[in-house]
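So, here's a batch of structures to check.
There are two complexes below, and they share chain A, which is joined by chain B in the first and by chain C in the second.
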Partner chain A sequence: MFPVSGVPRFGLMIGFQPFSLKRSITKILAGKGLAGEVLARWYNPAWRNTAVQVLFVLVLAAILAILGWNLRANMLARNIPTDFSFWNDTAGFDINQTPIAYSPLSTYGRAFFVGLLNTLIVAAIALVLTTIIGVIVGIGRLAENRLVSLLAATYVEVLRNIPLLLQLLFWYNAILKPLPGPRQSLIMPLGAVLNNRGLFLPRPSFEAGAAGVAGALAIGLALAYLVWHFSILKPGWPRNLLILLLAVGPAIGFSLHMPPLALDFPILKGFNYAGGFRVSPEFVALLLGLSLYTAAFIAEIVRAGINSVPRGQSEAAASLGLPPGLTMRLIILPQALRVVIPPLTSQYLNLVKNSSLAVFIGYPDLVQVFTGTVLNQTGAAVQVILITMAVYLGLSLMISFAMNHLNRRMAFVER
Partner chain B sequence: MASNSIAPGGTYLSHKNAPVLPPPKQKDAWWERLRRSFFGTPLSAFLTLLSSGLILWLTPDLLRFVLFDAVWNAPDGEACRVPGAGACWAFVWHKLPYFIFGSYPEHERWRVVVTLVLGALLLAWLLWPQKMGKHPDKPFAAALLFLVYPLVALVLLLGAPIFGLPMVDTDLWGGIFLSLVVAGVGIVVSMPLGIILALGRRSSLPVIALASTSFIEFVRGVPMITVLFMANFMLPLFLPETVHIDRLSRPLVGVALFASAYMAEVVRGGLQAVPKGQYEGSAALGFTTWQSLRLVILPQAIVHVIPGIVNTFIGLFKDTTLVAIVGIFDFLRTVETARLDPVWAGPTISATGYLFAALFYGTICFGMSRYSIGIERRLAERKKGRVA
Partner chain C sequence: MLKSLIVAVLIGFSLMAGASAGTLDVVKGRGFLNCGSNPGLAGFGLPDDKGEWHGFDIDFCRAVAAAIFDDPTKVKFLPLSSKDRFTALQSGEIDLLSRNTSWTLSREVGQGFLFTGITYYDGQGFMVHRKLNVSSALELSGASICVQQGTTTELNLADFFRSNNLPYEPVTFATGDEALKAYETGRCDALTTDASGLYAQRAKLTNPADHVVLPEIISKEPLGPLVRQGDDQWFNLVRWVNFAMVNAEEDGVNSKNLEEKTKSESPEIKRLLGFEGNFGEGLGLTRDWIYRIIKHVGNYGEVFDRNLGDGSKLKIKRGINSLWTKGGLHYAPPVR
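After this line comes the complex of A and B, so read on.
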């Protein structure tokens, strides 16, 4: 009945027990000193569990102590700084994207914050972009139109099976670097310009009318909300259109009277563009790579989420006369969202962690500036790496916390 | 449109009767079905036009670059620099030995080939789907692949003067073969370590559970690059000064630890999927904890999460490209080096190199994901009892 060897077989046991090393040792050592004590109690699960854990802690502590001792000895022997005093030393290197004031005369601490902010900027924009692309592609894969679903499926299979690093290098070295110089720039819509120096966007600046337009917008929105909330408009009127007009009409009217924004367009001056807002090619490559790659995974999550809503839901909605668009918005998406949020969270976490690949194409993010340049200049490897890890752990925790909060709000409320 | 709306509170109101629809036809003509699929609604028609426009716009350029205008045969970069020339496949062909073997000495490369073929055969044996009821030989294959093969590979690749194989310094290793070594080490170490960590996380002993959980969550919370930095810069500092740790071994340790944390989470999912009755049943039969884990729980848990394990391997394989940051010449790094070779430098070289690398990674990862989907389907059918 027990074909598996090593399993105890049951049968009559008369006066004879097969030889057991454990039992023999127990017998020999019984009542003899510490080993006898341990063996005698070994068959008490509570005692054994405690003993195993104490032993585990002792071994772990011993290993950590040895590693720590080696670390100290090695650092002293190699003249590696053991404290954080480098934080206030002059950095002496420049960074090509500085959201806060920074110069080579600034401190390493300042460089850390520049890198951290650059990481946050690219991650935040990529998160928004990747969600939009991912949702569109995910819904596209489920489209009845075969051409659309084929395109979406190709997108997903190509993008998610190629390493992100390869995609980043491709965007940066094969697409953005060989672009023509400023004189032969590609002219993009809305006055943007693309060349091998980067992407030049018109820079908006606020004008005198800005406050007025903001006020008009606020009044319009309040009016529209009141009209919508108290159902003032009779059924049969084009209600959505009227409410939209009420909301943005005053603002549009006021801005025609007094423009709120002026756009500073990039203009070719000499050998380069002046004015406008320059986005470095490194940033464009990282943003493109991160958002397109993560979007492939998000698309699959969205598809699985929509598929998880039973067919009966959309059929019931259709039989109630709900048009397809509203069925999607009111019936399918809210239910799909519950399934989507947990895996979406882990994709967001991946995106933030993957933004560290910036170091390969020279975008000055936290890893490139701090774990790269600062580590090389100061030699304070342990401190720098631990700080970097702590920052990413903190970011991960913050995103998890926010998404868990959203998940709880979305969770199915059961009676 | 105007008469249907959402009232406050999300209630949907319809103010007129829906139009009476004709009864569905028994069977549509094929052109009717085609029309409905591609031009059924205005939006669908618009998307059809948009996507066919996109395809018609991109495909000819792509085909011209990859096939028709491509340079297939050239002694150097001269022919590829001609304006209008497409992909420079001659470049890939000339650099292929470097892409595969890195700087591994030419007359010793047979050792790499033998190692790779041996590994491929063992892997095929392990992964080949097996009919139920036959005597299982997979544990034997797994033991060979996970215990014996790494030693054989180590001797073959590194060399052993006793067997007449001269030593080859790891500084000379590179290319596709090194990428496979990194991925292989990650897989071989992360499987057992991941299982141990997963068991630790589910342990009833709070200290063990806390230690395992902390390790897993810490590694999963930080980018792989920082783990590689840690392995490269901090590992030598943790060891006594007399111990020299090889430049290749450091990132290997990092990759193995990183993969283990992810593997642990996959295995934990499998452990959670094993019904409680299995634990209780094996305990009632008199199995000790370890016997029950080895003979009852783990076989079910692992089989259950094979798709998840394969997906982790896909991620691991793509992540091997990151070891370049600590100066390891993996496949992608050899492409990066080769494309800057002045003999071949030209406007299409970068794109050609990346295209080749994309084909390589894409094919392998796509193949693995298909395998994972196939296994998933088999497991689902086995659950329903369709497959004996």
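After this line comes the complex of A and C, so read on.
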């Protein structure tokens, strides 16, 4: 029934060369066509590695996209907010430590920044404090004096083996219990007041004279510079005195005429002291707890760093006649620092992340304000947690970056 | 923090699971009810020294379990902080949240929940140290006030002081216990939460007589159980368990006279106990579902009295929580 001819049927029908397995394989092996090209390059390790990685990233991205899309669809189905429009809504609640202006009429976004700043404030001060304590205790553990080294060892063993949360609660109560109520406050020198609501200090505030004083100071400094540079007076104390007088004289004169600063003193108003600058007991407890706890770990790192410096270094210093204090400062510590910095970075990161325990002692940090109250009022759990995670990640990366930079500068320069 | 993170991750995963079978079928298949409860609020939800849960909100979960399984012990309680409770319900970790939670618009339209009714009419109040000689919340100008986080309480507090133009300092804690402890050490002049909670918290203090609850109620806090949106059958069931208990009190049916009432000729009681009409099966339960609730848990009045009223340490008066027939607000639609 079929027409008999020498032409292959299928090839004729679709207008291409007829399919032949053998020919295809030969073609691929020869490196022609897409599949052939892939195969040819597969033998190249660099190309292969890149290809596998690109493939892996694509698959990962696809999985994440599917998960994200599914999450969003289900959240929509359950009437859970999926966007970030809550950011500009009125927050309605109060915060008791506000580094930037904030009231219940502010937005959730502003509440976020208040919480973030509170976290940054406590973390920044705690980082400095914990480093100082840690270095002192770490050196103390290596002291010749048995009592000092025993004390340092006890400090490390006790503090690093008790959960931080318990330590925070301990400090909070240890601070609150002995302090009197506002009406029985301890009046301190210089108008400071201490009670169980915090330490109230007089707060300096700029007055109208501030700009004038700054201007007078600038003029004075310029005059002093001119005299210093072009004066015919011989170097000596009369000239120095004149320069000093020229530098600060106008500023002092102007400030007598118009005071640049005023002090805002705390005064008892009803239940509490109002005015002044307040350091809250929650802040102090958190600062102490974080610093002392992390310092125990830092002390061990410092000790390890010092021990890593070969004994010959201190012996050489001693034979040159350097006293022990100078040996430590000039010879040992700079070399120890190279060993210390990488593990120190982890401790810094831990400290920043541990500051999120603030919520248990009533300090309004990012977690308390944002993942606490804001999450609860808006119901936007996924968004709020995502933002918070991004913030902690960002902070950690910044610290890592700074410490790595320091580490590179401290590294041995190979010659 | 860790807990809320876990819950947030859980919500992420469980939301991916997509729509599931009806909650009632899931609960029946599982063999017990998952109920979110307060981790410790005397009178409302508190485990005793044997680890058994007691309280007003706890008894509601037991009533739901009794209606489904004829066994009030088939409930697993998950203690939740006020911060974590909603995420736990959203994620499906619990079937029902019965944890002195205030019914507000934003929780229904913004967060995907439905309140099934009001079991307790509450309002926010203040407790102060007696030695401060304060008799009204309006005298609290400049005071430090301890408050628990993640509740409508924070908002009401801000609203009250804002509308009265009074300065104050809020000190916010993650849990009610920490807020109470800070209040007791004198960190705060006043503690604020729902009035019912104030009485419960006061009972925990070393010297309850040294503290007074101020008369002002600064907000409406209608407390009740809530469920996820999108499951009408489950919503109806939970809602009618509450109505059934209130109706039983109105009809004078309680756990003590239950057997005697089964012989009653009153059509209302006959319908209530399942001898006339077949309402239980419409809810996915049995005909005698209310009989089961009353037998195992009791009517609304009994539950109130046992946990909060004269039969308890708190001695809270029924007040607006009386039945409508006695001048209160509890008025349940009829079973017919």
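Observations, loosely collected:
One rule holds for everything that comes next: the second predicted complex is superposed on the first by the 249 of 415 C-alpha atoms of A that agree within 3 Å, B and C clash if a C-alpha of one lies under 4 Å from a C-alpha of the other, contacts with A are read in each partner's own complex, and residues count from 1 in each chain.
FYI, contacts are C-beta pairs under 8 Å (C-beta built on N, C-alpha and C of every residue); 3 or more make two chains touch, one makes a residue touch a chain.
Since the structure is predicted, the reported quantities are computational estimates derived from the model, not experimental observations.
In the superposed model, A:I341 makes contact with neither chain B nor chain C.
Judged by the touch definition given at the top, the superposed model places A:T378 against chain C, while chain B stays out of reach. In the overlay built on the shared chain, the residue A:V302 is in contact with neither chain B nor chain C.
Legend: residue contacts after superposition of the two complexes on their common chain; A:L194 is shown touching neither chain B nor chain C.
In the overlay built on the shared chain, the residue A:L288 is in contact with neither chain B nor chain C.
Of the two partner chains, chain B is the only one touched by A:E144; chain C is not.
Applying the stated contact rule after C-alpha superposition, one finds that A:N79 touches chain C and leaves chain B untouched.
Contacts of A:P104 after superposition on the shared chain: chain C is touched, whereas chain B is not. More chain A residues lie in contact with B than with the other chain of the pair chain B and chain C. Under the contact criterion defined above, the residues of chain A that touch both chain B in one complex and chain C in the other are 67, 70-71, 74-75, 77, 80, 173, 177, 356-357, 359-360, 367, 371, 375, 381-382, 385.
Residues 67, 70-71, 74-75, 77-81, 92-96, 104, 172-173, 176-177, 181, 196-197, 269-272, 274, 281-282, 356-357, 359-362, 364, 367-368, 371-373, 375-379, 381-382, 385 of chain A are the ones touching chain C in the complex. Those residues of chain A that touch chain B in the shared complex are 4, 6-8, 10, 49, 52-53, 56-57, 60, 67, 70-71, 73-75, 77, 80, 143-148, 151, 157-158, 160-166, 169-170, 173-174, 177-178, 228-229, 231, 235-241, 320-323, 326, 330, 349, 353-354, 356-357, 359-360, 367, 371, 375, 381-382, 385, 388-389, 392-393, 396-397. Put simply, chain C touches chain A in their complex at residues 1, 4-5, 7-8, 11-12, 15-19, 82-83, 86-87, 90, 106-107, 109-112, 132, 140-144, 146, 149-151, 154-155, 157-159, 161-162, 167-175, 178-179, 181-182, 185-187, 189, 228-230. The touching residues of chain B, when paired with chain A in their complex, are 2-8, 10, 12-15, 18, 37-38, 40, 44, 47-48, 51-52, 54-55, 204-208, 211, 218, 221-226, 229-230, 233-234, 236-241, 286-287, 291, 295, 314, 318-319, 321-322, 324-325, 332, 336, 339, 347, 350-351, 354, 357-358, 361-362, 365-366, 369.
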